[in-house]
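Pasting the structures here.
Across the two complexes that follow, chain A remains constant while its partner is chain B and subsequently chain C.
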Partner chain A sequence: MFTAVNSKVVSVNLAQSGPIVARRGAMLFYTGQVYFEPHQVPGGGGGMGGGMMGGMAGRMLSGEHEATMLAQGNGVVHYGFRGIEATVVNLGSVGGQMRVEASRLLARTADIQASIVSVASSGGQGGGGGGGLFGSLRNAAAGAMTGQGMFTTQLMGAGSVVVLGHGGIFELPVNPGGAVLVDPQAFVASAGQVNSTLKSAMSWRNVGRGGGESMQLECTGQGVVYVQASEQKM
Partner chain B sequence: MSVYNTVWNPHTLPSDDNIEGNKYAYCIDLTQPWFMSKGAMIAYYGQMRFTALTHGLQGGLLQMVAQQFSAPLYLADFVVAEGQGKLVIGDRGYDINSYDLDDGNLTIRSANLLGFQPTLSMNQSIVPGFVTLIGSGKFLASSSGPVMFIEPPVRVDPEALVGWADCPSPSHHYDEAWVNGFIAAAGRRMGINSGEERQFDFTGAGTVLVQSSEKVINDSSIVRSIQGQLAGLSAPGLQQINQQINMQLGQHQ
Partner chain C sequence: MVAYEGQVTFKSAGFGGGAGVVAGLKQKATGESLSLMECTGHGVVYFAHDAAEVTIIDLNGDTLQVESEQLLLLAGNLTTNVTFAGVRGMAGGQGLFTTTVAGQGQVALLSRGGPLIHLEVSPQYPLVVDPDAFVCARGQLTQSFDTDVSWRTAVGQGSGEAFSLRWAGTGVVSIQPAER
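Take a look at the complex of A and B:
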């Protein structure tokens, strides 16, 4: 549904894709009859009541809040953000599930369900690191290291998503037999059933003598991990 | 030998073209004076002088500047390069392209204009932050990612606009549908309006040039254009602006 115009810009035909939710300020230009309005994450209360305010406050506290705009109508809209490379992901072809930091989400079709989930709950079956309290603590540490905070955005559905990554994004497949180790700062998103746990190659013996690569994110399960060609944060 | 480890010399460097395999650098074969954006030069071979427009110009060069450069706000941003040799320019790792204007006119964001031949005259646009080039000649422009050329009618985000050629008349467009809404009105009162509600509307014949939007780093020309307009304001007007500035400064902290 999204078409890559060049490495930094995507276009979408609203007549084919239906409404689009995109980060505010990411619209570059459009032709045709297109209407923009502010958009709230569904499930955060919706409407204009006090419920929405509570949901909004919750999202702001969790750091997983970016102002978004809903585009609908008839026409072609081009999106890009601060000259950062953008990659189109067809959610349907990667298992219909993706976890990505809200600030790295450029645009998505509005039929995708978005919710804020705690990073600590992503462990589930406790991928090797042991479940329980320690597992969740470790996952929380992973969130802090990747700069994602304690929460991340979970997307579910069959639509398309555009993700931002400095210097371009490449995909690494994750299989039950083969875990992938990623630099926490280069980690962008994961799709499918992927657990990520923080691994430390450091022991007390060499504290302060690490080579800067002492922390790695171990991704196990079945799916795809998206990695950017840079360690730059958003 | 790949283009990435080629060692260039004055004879192998291209003349008036991008350096082979490198869209981020451009080499000018300097034989006649050029207007250059300050800081765009990254290397040169030969005998060259870079003279500021504001002082130090003499004789024919001074006359040339007086005739071709009618943009007082941008005097401090440009220099005249003269002499003989190969001049390599680059800009923030942006893509650099050269364009030939044939008895035409083109308006461009001043931050994206890297250089132009003095056969073109540069005029300050009435749109703040933009300049208009009129005449025939070559100019160089940078963009974050490739430039996209669009035919009007189109509406463009101000931050993504690089420029426009010929005369598609630009005007502001506001999405009134929700700007008048309850939340937007409250947001506006608090000075929050950085979204899609404001666009440039282009209609008519011509071409619009757009890049992936960039965070404006250097807004010195906008600051100068605001300063230039302050002189005619009344005391209540100045107070109002002062209030607005304090509010925005508060948000930055």
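Take a look at the complex of A and C:
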């Protein structure tokens, strides 16, 4: 549905794709009759958690919300953002499920369901902390250290997604037999049944002798991990 | 490192980037610092840095002169050293010293703006490059520092290309399509 114009710009024909949800301000130009209106991720932004999570969690949640706009009508829209490489992912071909940070999401077809989930729940049993309150606190601390938020956006459906990755994105398959470990700053998204847990390679023995790679996201399960060629967060 | 599979451990290559204490002292003294980490184990490691382009160069017992900040990684059996490169870099901010990599193995270099451009140098055709675009050189080369400073520069009407690196001899000089 999305067509890559070059490595950094995608175009989409609304007549074929249906409405498109895109990061606000990412539209470059369009032809035809296209209407833009603000769009809210259900559970995020305005409604702020809908009672399930209030107060602090709600505010943290808002960090995982990027203002988006809905484009509909009849025409071709071009999207691009800050000259960052954009990659089109067909959700249907990667198991219909993807986890990506909202700031990395350039555009998606509106038929994809987006929800904001806790990173802890993606790891099954928290960051090795055994879940529960302690586990989630541990996750929050680790998240604060690496800039990996506590929450992430989960996309479900069969549509297409455009993901941003500084320096381009490459895919790494994750199989039950072999885990893939990713620098948290270079991690972009994961698709399929992939659990990611933050792992520390640091111990009291190698204080000051570490290789500068003390934190890694360990991705296990079955699916694909998307990694960018840079350590720059968005 | 952006990602890896398998059992890999990362540790600091230590003072001097694994080339010994003398090399470390040289680096400290010359400002041509090289902060490296060592990856050991078995598995596949993926390296990238700040979305820069990467070029892999095979070394067959020859010596590569390289800007230390453009060095992404090198095979563990290669040796690094800091050598005196002559009077240059006052403008480029690169100092008078350059890092050399020698041995047999592969080196990965970073370049901004696009892949490295390899330029042949032969005795009949010396090459003059912008110090800010210079990345590496190999072969039997001598470098000198060209200045084009005149009264125009003094009155602010310089061309902006007052300093350049001149390479003579036989070899290959690689530049990046961007200026640091």
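Basically, the second predicted complex is superposed on the first by the 192 of 234 C-alpha atoms of A that agree within 3 Å, B and C clash if a C-alpha of one lies under 4 Å from a C-alpha of the other, contacts with A are read in each partner's own complex, and residues count from 1 in each chain.
As a convention for this text, a contact is a pair of C-beta atoms (placed from the backbone, for glycine too) under 8 Å apart; a residue touches a chain by one contact, two chains touch by 3 or more.
On a predicted model such as this, the values are computed, not experimentally measured, just so you know.
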Touching partner for A:R24 - first (chain B), second (chain C), both, neither: first
Touched partner set for A:Y35, first chain B, second chain C, both or neither: first
Which superposed partner A:G168 touches (first chain B, second chain C, both, neither): second
Touched partner set for A:V9, first chain B, second chain C, both or neither: first
Contacts of A:F81 with chain B and chain C, given as first, second, both or neither: first
First (chain B), second (chain C), both or neither touched by A:A229: second
Partner chain(s) touched by A:M69 [first = chain B, second = chain C, both, neither]: first
Footprint of chain A on chain C - complex, ascending: 1-6, 8-12, 14, 37-39, 46, 48-52
Chain B-facing residues of chain A, complex: 5-9, 24-31, 35-38, 48, 67, 69, 71, 78, 80-84
List of chain B residues in touch with chain A within their complex: 144-146, 148, 150, 153-157, 159-160, 175, 177-178, 181-184, 194-197, 199, 208, 210-215
Chain C-touching residues of chain A, taken from the complex the two chains share: 85, 166-168, 170, 172, 178-183, 186, 201, 206, 208-213, 225, 227-232
